[in-house]
Each structure stands twice: as C-alpha cells, then as structure tokens.
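Two complexes follow with chain A in common, the first pairing it with chain B and the second with chain C.
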Partner chain A sequence: MDKTVVIVDDSKFQTMQLGRFFADVMGFKVAATGENGEEAVEMYRAHKPDLITMDLTMPKLDGRGALSLIMKEFPDARVLVISAVKGPLLLECLAIGAKSYVEKPLRFDKDDFVRDFKATVAEILQSP
Partner chain B sequence: MKESVVRDLIGNNLVRLITGGLQGVYPDPFAGRSAKTQGLYTVQSPVVISQLAMSPASQVLSFLVMETDSMVRLGKRMLPDRPREEALKLVISANAEILNFVSSRLAWLLSKLENAPNTEISPPKVGNFSGTQAFRIRAEEGVFFEFACIPQNLAFKFATCIQSIA
Partner chain C sequence: MDAGSAGFFLIHLDGTVTSSAALAGQLSAAGGPGAPAARIPLNKAFGLNAEQELQFGKWLDLVGKRHRDMRWDKLAPLAPVQEIWSGRKEDEGPVRLAYRKLEDGNGNLIAIAVFAIDTAPSRAMVRQLEEERERHKLEIRDVLALAANPPETVGAFLEDARMRLEGARREWERFLASRARAGENQPGLWQGSVAKSESVAESVGTAESISADESAGQRLFRELHMVKGNAGAFGFESLAAGAQESEDLLEALKHPTAGSERTSSRLTASLAGLRMQLDELIRAMKLIAGEGQDAMTRILKWKLDRLVAGSAELDPARLEPPLRAVIEATRKLPFLSPAYLARKYGNLVERIAHNLGKQVNFRVTSNTGDVHPESFSRVDEALVHILRNMVDHGIESPAEREAAGKGEAEIGFEYVAEEDRIFLRIRDDGRGMDPAVIADRGVALGLLSRADADALDDVGKLGLIFLERFTTRQEADMVSGRGLGLALAARCVSDRGGNLYVYSRPGEGTRFAIELPPLGQKKLP
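Up next is the complex of A and B:
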C-alpha cells in the first residue's frame, strides 16, 4: 500500500511543488494539504499519515506550535520540518520531536538535493 | 546597533539572498540591480507581498512587487494546464515563498549581528497598496532593488525598510 503524507505550508505553490514530488517521484499518496498549524493538527488526527511535512512560519498557529500539539497527542508521529528558518528554532523543533529538517529553497531541479531529500524521508520512515 | 550598519549588511547580502530564493521557485535567471532613490521610495501596486523580520533591536519590513503582466506571463509558462486565475494565485504564492526565504535569512543575519537568538518573522501577507494605500519609505531607511529576466520579459521590485526599535 502507498505511504501517505500530509503537507502543511502556507504557500500554495510550495504545497503544489511538494505534492507533485511526493506523488510523482516518491510514490506517496498525498492524503491532505494544509495552510496553517491548526489545519496540520486537524489533518494529522483525521489521516494519521506515515509522514507529515511542516512549514514553521505560518498564520494562526505556527509550525512549532502544531508540532508540539501533534507530538503530545501522537508521540510516534513522523514530522519532517521544511522551512527557510535558520537558528535555534530548528533545534527546538528537533527537541520537541521532529524527525528531521530540510532547508528551503527546495531545489527539486538538482540531483543532489533530490537524493538527499529522498534519503531523509527514507530514514524517517524507518524510524520507530 | 546603528541602523546604517544593519542597512549595509542587508544591502550587501540582499541580491544573493533574493537570487537564492528565486532559484527554488523559478527556472529563469534574474539579474538584480540597486534602484537608487532619493527622498521617498513608494511601494504601490494592487498586489504587494510584505513580511516583517524582527529582532529585539531592529525591524525589517520587506516588500516584493511584481507587476501583473509579469505574473500572467510566468503563470502561462510555468502552469500552462491551470486556469489563468489559479495560475496567477500560484505565482503570487511563489513570490511569497521567495520573500519568506529572504526574510528568514534576514532574521538570521540580524540574530548574528545583534547576538540575539530570538528573532522572529511574520508570515508573508498579500495586500493592495494602490492609490492612497501606497507605502512610502524614506530613502535613508531602505534598500531597494530591481530584478529582471530580460529573455522572458519578467521583472519585479524588492524594497526593504530598516528601523531601530528604541
């Protein structure tokens, strides 16, 4: 059965780009896409996906807040943070329970980026 | 921290940052150049994307303005299978992504410059800045650039306003 992913980013362009990549290149089923942290939590509850990707700078509830709520309710959740943010916030997210982090911009036009991205996702899916 | 120090830091890094953001979104090579301004610089367009980066000592408000013609052309080229309006919305979203990348990096630069780990950025916002809603920046408080991709007839403006927080 296909692995499922929920993609959360306040940029519709970014969710489209990620959705295409997960579906066409990685063979995932995109269960849902969201635009803010509140939707991330709702969508995680509704779909319990194999993976959720989380932007950090978002309206209503930011990615860090959504990550905290998801990890509290679903300690085994596999959350991949995808953000342009640099600095201590990333370490905080990893401490809260995010499995890994991918830095924007997403260079799906570059082979080495695609290779690393796939490897990161594979590693997360293998985690307990 | 003197505003001029922050402005020089941003001015010296902005083209590189914007180019980095562009590469994740558009396949076209844009070239940037400083837009010299005296007096007031006016941000004025029906579609302006803005975003705030803040440290305890400074705030940096940035604007990305792409004229509708360029957005329509980009939408047609990048998303030919989508209806015009939807393609336009996706181009605006792509531009917001570029601004978000730049603001994130500016926040990080501020944190390094001011040794302040708790910098913040707001989500990018899309607003109508036409007519009386135009936003004016004093030239000495801002950094202004114009970007163009001549072969595809695409262009946008990028303005950043830097202020110290008393």
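Up next is the complex of A and C:
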C-alpha cells in the first residue's frame, strides 16, 4: 500500500511542487495539503499519515507550535521540517521531536538536492 | 582557538575540548602515556559568546540523542560554528570547521572531532585559476581581433603602437634618470617640462608632435591613451587592459605619497609588459603577412598551440564548464565564419575594381556557418584568377552598364559544403560571353577544327576558354584578355582533384563553379 503524506506549507506553489514530487517520484499518496499550523494538526488527526512535512514560518499557528501539539498527541509522528530557517529554531524543533529537516529552496532540478531529499525521507520512514 | 592555525580538536561529550597540540604532547611523552591531555572549556577553545555557547550545548545534546537515526550529513551543518574569521582578511577567507563523529564499535558516540581547515591556500588556487582563465579569454580575443581586421590595417596599428610605446618608455626612463640626478629638486612628473630641447630631439620617433610645455606625465599619458583607444577599437583587449593599467599607475603618481616609489617600479614593469604583449602581436602579424594563402590557418594553429601548451598543466576534466567551453572553442578556431571569405576576396575585388574605375559589390553566401580555410585556400590561385578576370573583363564600365540599363555591378560568391564535395560558385552580372564567338576564336587560333567546334554544345564551346593557348591579345571584345589566367585556374583546380565549370550567355553575366573533393580527400567520388 502506498505511503501517505500530508504537506503543510503557506506557499501554494511549494505545496504543489512537494506534492508532485512525493506523488510522481517517490510514489506517495498525498492525503491532504494545508497552509498553516492549525490545519497541520487537524490533518494529522484526520489522516494519521506516514509522514507530515512542515514549514516553520506559517500564519495562525507556526510550525514549531504545530509540531509540539502533534508530538504531544502522537509521540510516534514522523515530522519532516522543510524550511529556509536554520539555527536555534531548527535545533529546537529537532529537540522537540521532528525526525529530520530539508533546507529550502526546493531544488528538484538539482541532483544533489533530490538525492538528499530522498535519503532524508527514507531515513525517516525507517525510524519506528 | 588561534584562527590562523589549521588543526584538529576533540569535543568531548561533556562540552570540553582537547587540542591537537595537547594530544600530540600526550602521545610523545616518553615512557608511555603521561598525564591526560588538558581539556579546556568549549567557549574558550572556539572563542564563543554566551549565546553561541548555549546553542553549541543544544547542538551537542541533539547529537548525543540523534546520532544513530539522523545522518551525520544532516547533523554536522547544524553546528553553530562553521567558520572562524577572527583576525583574518577578506582575501584569506575563513578557517572552516569540519565535524566528524567518533563512535566506538557498538555505535556509541565517544567524541566529536573537529578539523580546522585553513581556506587561504585553496582560495589562492581558485584565484590563480581565475586569472589564468581571464588570460586565456584575452588571448582568444587577440586571435579573433587578428582575424577580424585586414592585415594591412592591423599592421599599421601595431607599428603605430610600437612607436608610441617606445616613446612612452623613453619618456619614463628620461624622467627616472633626471630624478636620480636632481633628487628632490626635480620637478614632479606632472609639472611642466624639464628638458624641452632634449625631449623634443629624442621624441622624433613618436607619432604625434610634442608640445614643449607638456609635462612628462602628460606626454606619457597621451601615448598610452592612444594605444589603449586604438587597441580597444581593434579588439586587442589585453593590450588595451595593459595600457589602462599603466595609465592608472601614472595617474596615481599625480599625488606623490609614501607608496610612490613602489608605484614607480610597478609602472616600469607595466610598460615593459606592454611592450612584450605588443611584440607578441607583431610576431603573430608577421606570420600572417609572410605566409600567403594559408596564413590564417597557420596563425590560428600557432595561437591554439600556445593556448594548449599554457593549459597543459590543467586537467580539462577538472576545469569549470565556462573555461572548458573557451578551450573547446579554440579547438574549433580553424573553422572560420563565411564573413572571412567576404573579407579576403572582397578586398581583392575592391582593389582591382578601384584600379579599373569600376564599382563592384561583393556578396558571399554559404550553406554553413563554419568554413574551413583549407577548402578555399587550396584553390586560392584559381579564385584570384577568376575574380580578376570577372572584374576586368566580365563587368562592364559604369557607362556601359548605364547604357544597358544595369545598376551597380555585383559578384556573388557562394560556398556550398555538401557531404561528399564542396562547391565554390562565383557569378557576375556583367556582359557575359557568347559561346559562338568563343568557338570561332578557338577555330581561328587553330585549337580545333570547324567541324569539331560546331559539334560542341554551348558548355563545351565556353570550356575552350580554359585551354592554355586560348589567349587573345585583340582589343575589347567579349573574350579579349581571357588569357592564361583561366588556364591556370583550371590547372589549379584539377591539380586539387576538382572540376572547373563555366556557363554564360551574352548580356546575362558569367558563372563559374569549382567542384572540390571534401577535406582530406584527393578525388571526387
């Protein structure tokens, strides 16, 4: 059965790019897409996906907030942070429980980026 | 940490650091391991502020928890300190820190190794590569400039530049000599003339008259400026850049400072460098001027050899794509654009026409963007005879053309490269030839019998003009003067394994076609 993913990003374009890559290249079923932290939490509850990707800077509830709510409710959740933000905030998200991160910009046209993206997702799926 | 030193450090899980120097001390201690290597706090070792120390602590914590399930490639970039700049200049670059995790056999984290890598040497190498690439680009532009301008014009420019640079060099040496004599009392480089009579007498060689009231600096500047402008106009960018450098140094000497002495010697070197660049170009020009029809190929090959020799130490596979592209481009240089044909034979046509008081437009067309010089230089002689003949005999005088209601005369040159042969077609819109008249002439000259002549078709009759003895010295009729030249043209073409064709009708111009085997082959299929 196909793995499922929920994609949350306040940029519709990036959501679309990610959705296309997950579906076409990685063989995922995109269960839902959202554009803020509140939607992220609702969608996680509704779909219990194998993976949820999370932008950090988002309206209403930001990625860090959504992440900690999800982790509290679903300690086994696999959350992949996809953000241009590095530094303390990212360290904190990883400490809270995000499985890994991918740095923006999304360069699906670059081999290196695609290789790292696939490896990161594979690594997350291996974790319990 | 001393940012200037590249080295090795161990970060222990408790946040303390051991330096490679301390480790080395411990290992070399006589009689087995001595006291444990000294550990110093993280903030001291890396010169961290409080916030950085806090973040480093969080990172170490994360590494401790996640090193098993997160790739190191993901964890290492999150370390709060990636490079250290303290006390470094911009062009030295930072000391880069590379982190590695050290695990025991069971995958337990022991410590984190940090390699401090001084980026200065690699930056110097990158800089050197960039300079090299820039030099290559300039050399290629030189080649293109040499190819793009008629040799006579380039020759005149180079000679002019040589005289100007010679004048500039003498001016500068004179100034240095008189400064050495007069010391501090010497008027500045940019103040009024010092030794008018002397400078005028010695500057006869320079191309422009000398105004005695100019300062040495002004005279120098003017010569350099002319060289720079002309070099730029011809596309000799390296020479222009060299002249610009000398100009800048000269300009800097306007306001003497403590560094003026150094600027002076740099100007001396810059002027000498300019001269070397120019000599190089002059040598290249001589090759062109002295070697006749294959000169362009020779000069391009010569330049190419130098480029390749210059880049011999570089492994092309390791070069960056732009530089590789430049080198690839030079490999293709022996292929010229059809515009080269227009220049080469257009000049000839223009000169002959000018001497005869005629005006002829020369037009080149081609079915390819790459013309190999060899494909026409091997029949250069034939082309010259044919074109000369056309301008001289085919094209009418302006008055005659006007009477016939014709406009400006035109000679067309077409280069057609096919898979198994090359065609060079030349046509004029002149008076043309009458096959019957040619045949009559042939019979009159005893080249063939009346019966044979009558048996020939038009093309056969016209072909008689390629016979060696088909020379008429009678005054202007349609064939007069079509003498030895065309016979030589025909022989030249057949020597190269090709065919020469002619077709013409009275009043409608003449067409020649040279059919040649492809490059590297001696015979037509």
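By definition in this document, the second predicted complex is superposed on the first by the 128 of 128 C-alpha atoms of A that agree within 3 Å, B and C clash if a C-alpha of one lies under 4 Å from a C-alpha of the other, contacts with A are read in each partner's own complex, and residues count from 1 in each chain.
Definition applied: a residue touches a chain if its C-beta (ideal position, glycine included) is under 8 Å from a C-beta of that chain, and two chains touch if they have at least 3 such contacts.
The model shown is predicted, which means the values in this text are computed figures rather than measured ones.
Colleague: In the superposed model on chain A, is it clash or fit for chain B and chain C?
Modeller: Chain B and chain C fit side by side in the superposed model.
Colleague: Should A:S11 be classified as contacting the first partner (chain B), the second (chain C), both, or neither?
Modeller: The answer is first: A:S11 touches chain B but not chain C.
Colleague: Put chain A at the vertex: what angle do the Cα centres of chain B and chain C make there, to the nearest 10 degrees?
Modeller: 50
Colleague: Between chain B and chain C, whom does A:L90 touch in the aligned arrangement: first, second, both, or neither?
Modeller: Only chain C; A:L90 stays clear of chain B.
Colleague: Go through the superposed model and pick first if A:P105 touches only chain B, second if only chain C, both, or neither.
Modeller: first
Colleague: When the two structures are overlaid on chain A, which partner does A:P59 contact: first (chain B), second (chain C), both, or neither?
Modeller: A:P59: touches chain B, not chain C.
Colleague: So, A:A46: does it touch chain B (first), chain C (second), both, or neither?
Modeller: Neither: A:A46 stays clear of chain B and chain C.
Colleague: Let me test your reading of the model: by the given contact rule, A:A119 touches which partner, first (chain B), second (chain C), both or neither?
Modeller: Touch status of A:A119: second partner only.
Colleague: Pick one for A:S127: touches chain B only (first), chain C only (second), both, or neither.
Modeller: So A:S127 only meets chain C here.
Colleague: Quick check: superposed on A, how many Å separate the nearest Cα atoms of chain B and chain C?
Modeller: Result, nearest C-alpha distance in the overlay: 7 Å.
Colleague: Do chain B and chain C land on any of the same chain A residues, and which?
Modeller: Touching chain B in the first complex and chain C in the second, residues 86-88 of chain A appear in both lists.
Colleague: Within the complex, which stretch of chain C touches chain A?
Modeller: Against chain A, chain C makes touches at 55, 58-59, 61-62, 65-66, 69-71, 73-74, 77-78, 80.
Colleague: Which residues of chain B touch chain A in their complex?
Modeller: 20-21, 23-25, 27, 89-91, 93-94, 96-97, 100-101, 104-105, 107-108, 111, 117, 119, 121-124
Colleague: With touch defined as at the start, can you tell me which chain A residues reach chain B in the complex?
Modeller: Against chain B, chain A makes touches at 10-14, 16, 57-59, 83-88, 104-107, 109.
Colleague: Could you please specify the touching residues of chain A with respect to chain C in the complex?
Modeller: Going by the criterion above, the answer is residues 86-88, 90-92, 94-95, 99-101, 116, 119-120, 123, 126-127.
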